[in-house]
Amino acid sequence: MAYVALSEAEKTYILHGVEDDFRCDGRSRRDYRPMELETGLVSNASGSARLRLANTDILVGVKTEIDVPNPLTPEFGKLEFFVDCSANATPEFEGRGGSDLAQELVLSLQNAYESPLAFDYRTLCLIPGQQCWKLYIDILILECGGNLHDAVSLAAKAALFNTKLPRVTATLLDAGITDLIISDNPYDCTRIGIETVPLLVTVCKIGDYCLVDPSAEEEVCSTVSVVVSVSMRNGEPFLSGTHLTGGGAMHRDTMRNCLQLGLSIGEHLDKLLTKMLKLEQERVGPKRPKTVGFLK
Amino acid sequence: MASNFELLSEQGLRLDGRRPHELRHIKCKLGVFEQPDGSAYMEQGNTKVLAAVYGPHQAKGKKTESNDVIINCQYSQATFSTAERKNRPRGDRKSLEFKMYLQQALSAAIKSELYPRSQIDIYVEVLQADGANYAVALNAATLALIDAGICLNEFIVACTASLSKSNIPLTDISHFEEVSGGPKLTVAALPTAEKIAFLEMSERFHIDHLETVIETAMAGCREIRDILEAAVKEHLLHMGSAADWARVC
Amino acid sequence: MSALADETIVCLPGERLCRTEDNIVLGIGTYEQNGYIYASKSGIVNIDDSGENCQVVSVHKPGFHLTIPATGDVVTARVLVTTPKFVKCAIFCVRNVLLESSYRGLLRKEDVRETEKDRVDIYKSFKPGDVILARVINQLDQSFLLTTAENELGVVIAYASDARKTRVPMVPVGWSEMQCPQTTIKEPRKVAKVLPESSINAVK
Amino acid sequence: MLRVTQTKNSLLDGASIAEELYTTPKDGEDFFESLDKPEKEPTKLAPRNTFIRPGVLTTVRGSAYMEYGNTKVLAIVAPPKELIRASARRMNMGVLNCYVNFAAFATGDLESVAERERHLGSMLTKAMEPVVCRTEFLNFQLDIRVLILDDDGCLLSTAINCCGVALVECGISTYDLITASTACIFRDHVFLNPSAKVEELLWKHRGNSNTNATSSTSSVQEHGLIITASMDTFEQIAQCQQCGYLSPATYVKLLDYTLTINKSLRQLIRGVLTKRVKEQHELDLREKAESALEDQRLEDIIEKLKKQGLDEFIQSNIKEDPYVKRI
């Protein structure tokens, strides 16, 4: 995280703000900062999304490749995450600077997407045991404004929604091996089901109150935070990869109500995101206005 | 190298329908991020680049007795930027090469005597690479420097040029034309002062064609400079409108 | 034989020791949390009331354990580099605990002596290779700031600086000079007022 | 137990091979049946039989060896050394790094070892950070190295317990004793301290619920694993790592199971550590006795010198230092 230097007075100011549920930017403990989401920015990638959460800016590109499935799980496709902290965010990330933050984000995403109930790997399988799709989800962090876990998971889900997998027909050749023909007609493609794809919600503990969507300053003066990964399956929320970060410890009861807070917020967030993505889908139709991208 | 494609059709149109000396459509925006001191986004055709500038600040531990500015650049290309996925955004030979070229070109533009013993960090992130990556990166870096308020001698602008089979020079080469065999020349120039800061050729040019190709590239640079100047003016009007000094110019 | 007399209490990290009153001072191995003092090291609790009414609660860990030089400790260090302004040394022993890895120490010119600080001549006080006793003032970001401004602090073992192969430790003669027993060369040093082992054996 | 997963080359011809040579999903089923499944809600919440020995190695000051059932782990704490990475230095706390390595003979599948090591290392760092009083070694870096000798499940929880003991043993101040344990649920059966085979089964046949699709459409086949590390003086949870797919109710249920196991583990660790302190105390007393002899010898030498009237030699040796202020 870009290290924001705060004096003790500023920390107590933020702490008092959190105590009477009125943070320094006017939000209550349960509010998110305004977000802007846009899909289909990068034409080279099969799916892309850009999310700007206040001043956290994430760009995600999804590229596809044909690969051999893992022998232990022959009928599952593959998913690989890669996080790149661009030096645009802070000079600290120059060269190999941001590698441990990137490592932490990749691990929490892998953990959340690991279960086939969270992400249906079966749809990525072409021929069980022989050929399957491998999706590379490349996440580029352009600006750090706090709450990276949520922004990255939202952007990844939007990019997966936007991904177009070309239709593949298999023809049986004489020697028993099957040959795959990938159709290059851009409109003849299948989409990936993202209803149960999990969202990470960071519930951050400052003083003895829990709040959602911490800004960079709030993250500096919080000792510990719970990353709740919420996945919706026919209506009810499930947990797919929750863990603690921040190097502090948390009492059992505060952990329980952090969990409740995270679940309710996660549910709400998921509904909003699916509504937004539907809007994006119509927008991308023939009468679509130009994608604005960074030109706004 | 025999180009298997005919870069220029009989009616004088290129593969993507442009005239020989026509640039790709340029769109740019200054001040895209808050945290860097200066930032810019530039699109030239399908090549999309983000640039950020930090500084001038104290040089981190490097040799600082030479009393001119240390320009520290980094060129990195997003893994999804090209059709074939790159497994490492930076650190490979090409990005290190471009990093050196950026440093060389920008040190010609920045008035280094105004910032003795300090360091300016310029980071360029290519979101989508569709030919002339270096040229667009340099233009974006120039815009970011202007947004950061760093004194420049002049707009430093880069443009690429090539030669079709019928020896007609072409400006602003896209990736498809580059791949289909056209020789490529990249020029970074200070257009009004008619000075060339950096020149690079991907293949051999015949001597008597070299002159005309460089001239077309310089013409391209002048054209790009006018577009960038208009964009900067428009940005300043927009920025200044809040403090109502927009009516001044 | 139960060496443990009844009143020594063994404590583990996280155990509550006592309530914080104003006359109780936290020693090493303890920390204070909402009104109570807790142990942060495993070992024997000892409460010594050194001052008039203030008691120092500390946990003493028997056996060897890793230590970091804390402010106020007397450390043993070897002089590495001497420059006109400061002396760089490597701390290899804290109090009586030998360290496995040495930490960097810095002894500034004005911390060498209590009086007439500015007229100290580093070359007349320390030579690379000497072993010195010093006290830690505070911790800079990577090294420790040392001082030798007391009688008992200063050079303890020094070697004659001639290029002889067999380096014989010099004997302190007076507070500011040391003499090599073989070549009787006198060399200026800031000598620590300590009864070195060598002089006792010489007398016996 | 000979556990041979199918190697790339041809099968071992002629040798008598254990039955789980090649685990296909079908094998998983009857392997699952063959497991002595505890009842739905386990009553006996106890850790496996564990053996902990602090101070195992002589070359290193802080080391501990722990056996949790068949899982054997060795942890050492390297003395704090200067921080190399400039970026981490601005934090106002010391930095903790944990590195986990598998012994060559530790586990069967060797391809995933590097990735598992990195995964375990970063989770272990996140678990140990809350325990250590990092404000005491400012701008220094503490390295903890864990060597896994035998893998029979609950790797991370055993590593956390072992590191906790090693830290206390080497004298690094910690806020509290940390204990950790693992619980997992697979097809509505709760396994406490799952063995390596159960964990592998959990990972491989995770949620292929739709083979018996009929039963699962209504209730989702939950499967998941929780590792909780807790510090019980203030009932703090240091780390609670969950993977798999759990409903909030089962998540909280598993959390409580692990916390009760942690409590009994804590008693065990307290016993071991107090015994260790008493042992070292005796060593110290013996050492003091010997050094008392040495002091005695020094005393009577000085006495002898005084008697021979050489006290002026002692005094002259240390003449008054004119520069020292007269107090």
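The letters A, B, C and D name the chains in turn, as written, and every chain counts its residues from 1.
Here is the rule we go by: a residue touches a chain if its C-beta (ideal position, glycine included) is under 8 Å from a C-beta of that chain, and two chains touch if they have at least 3 such contacts.
Quantities reported herein were computed from a predicted structural model and do not represent experimental measurements.
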item	value
Shortest contact path, chain A to chain C, counted in steps	2
Most distant chain from chain A by Cα centroid	C
Cα-centroid distance, chain A relative to chain D, in whole angstrom	31
Averaged-CA centre spacing for the pair chain D and chain B, given as whole angstrom	53
Between chain C and chain B, distance of the C-alpha-averaged centres to the nearest whole Å	61
Touching two or more other chains - residue numbers and ranges from chain B	none
Contacts with two or more other chains, residues of chain C listed in rising order	none
Of all residues in chain D, the ones touching two or more other chains	175, 231, 234
Arrangement of touching chains [line / ring / star / complete / other]	line
Chains touching one another, given as label pairs in label order	A-B, A-D, C-D
Partner chain A, residues of chain D touching it in the complex	6, 87, 90-91, 93, 118-119, 122-123, 126, 129-131, 134, 175, 204, 206-209, 220-224, 231, 234-248, 251-252, 255, 259
Chain B - residues contacting chain A, complex	27, 29, 32-36, 39, 41, 43, 46, 48, 50-52, 54, 72, 74, 76, 78-83, 85, 89-91, 121, 123, 125, 127-130
Chain D-facing residues of chain A, complex	3, 5, 71-73, 92, 97, 103-104, 107, 111, 114-118, 224, 231, 233, 236-245, 247-252, 255-256, 259-260, 263
In the complex with chain B, residue positions of chain A that touch it	2, 41-45, 48, 55, 57, 59, 61-63, 65, 82, 84, 86-91, 94-95, 136, 138, 140, 142-145, 293-296
Contact set on chain C toward chain D in their complex	3-4, 8, 10, 12-16, 29, 31, 33, 38, 40-44, 61-68, 99-101, 103-104, 113-116, 139, 141-142, 151, 172-175, 193, 195, 199-200, 203-204
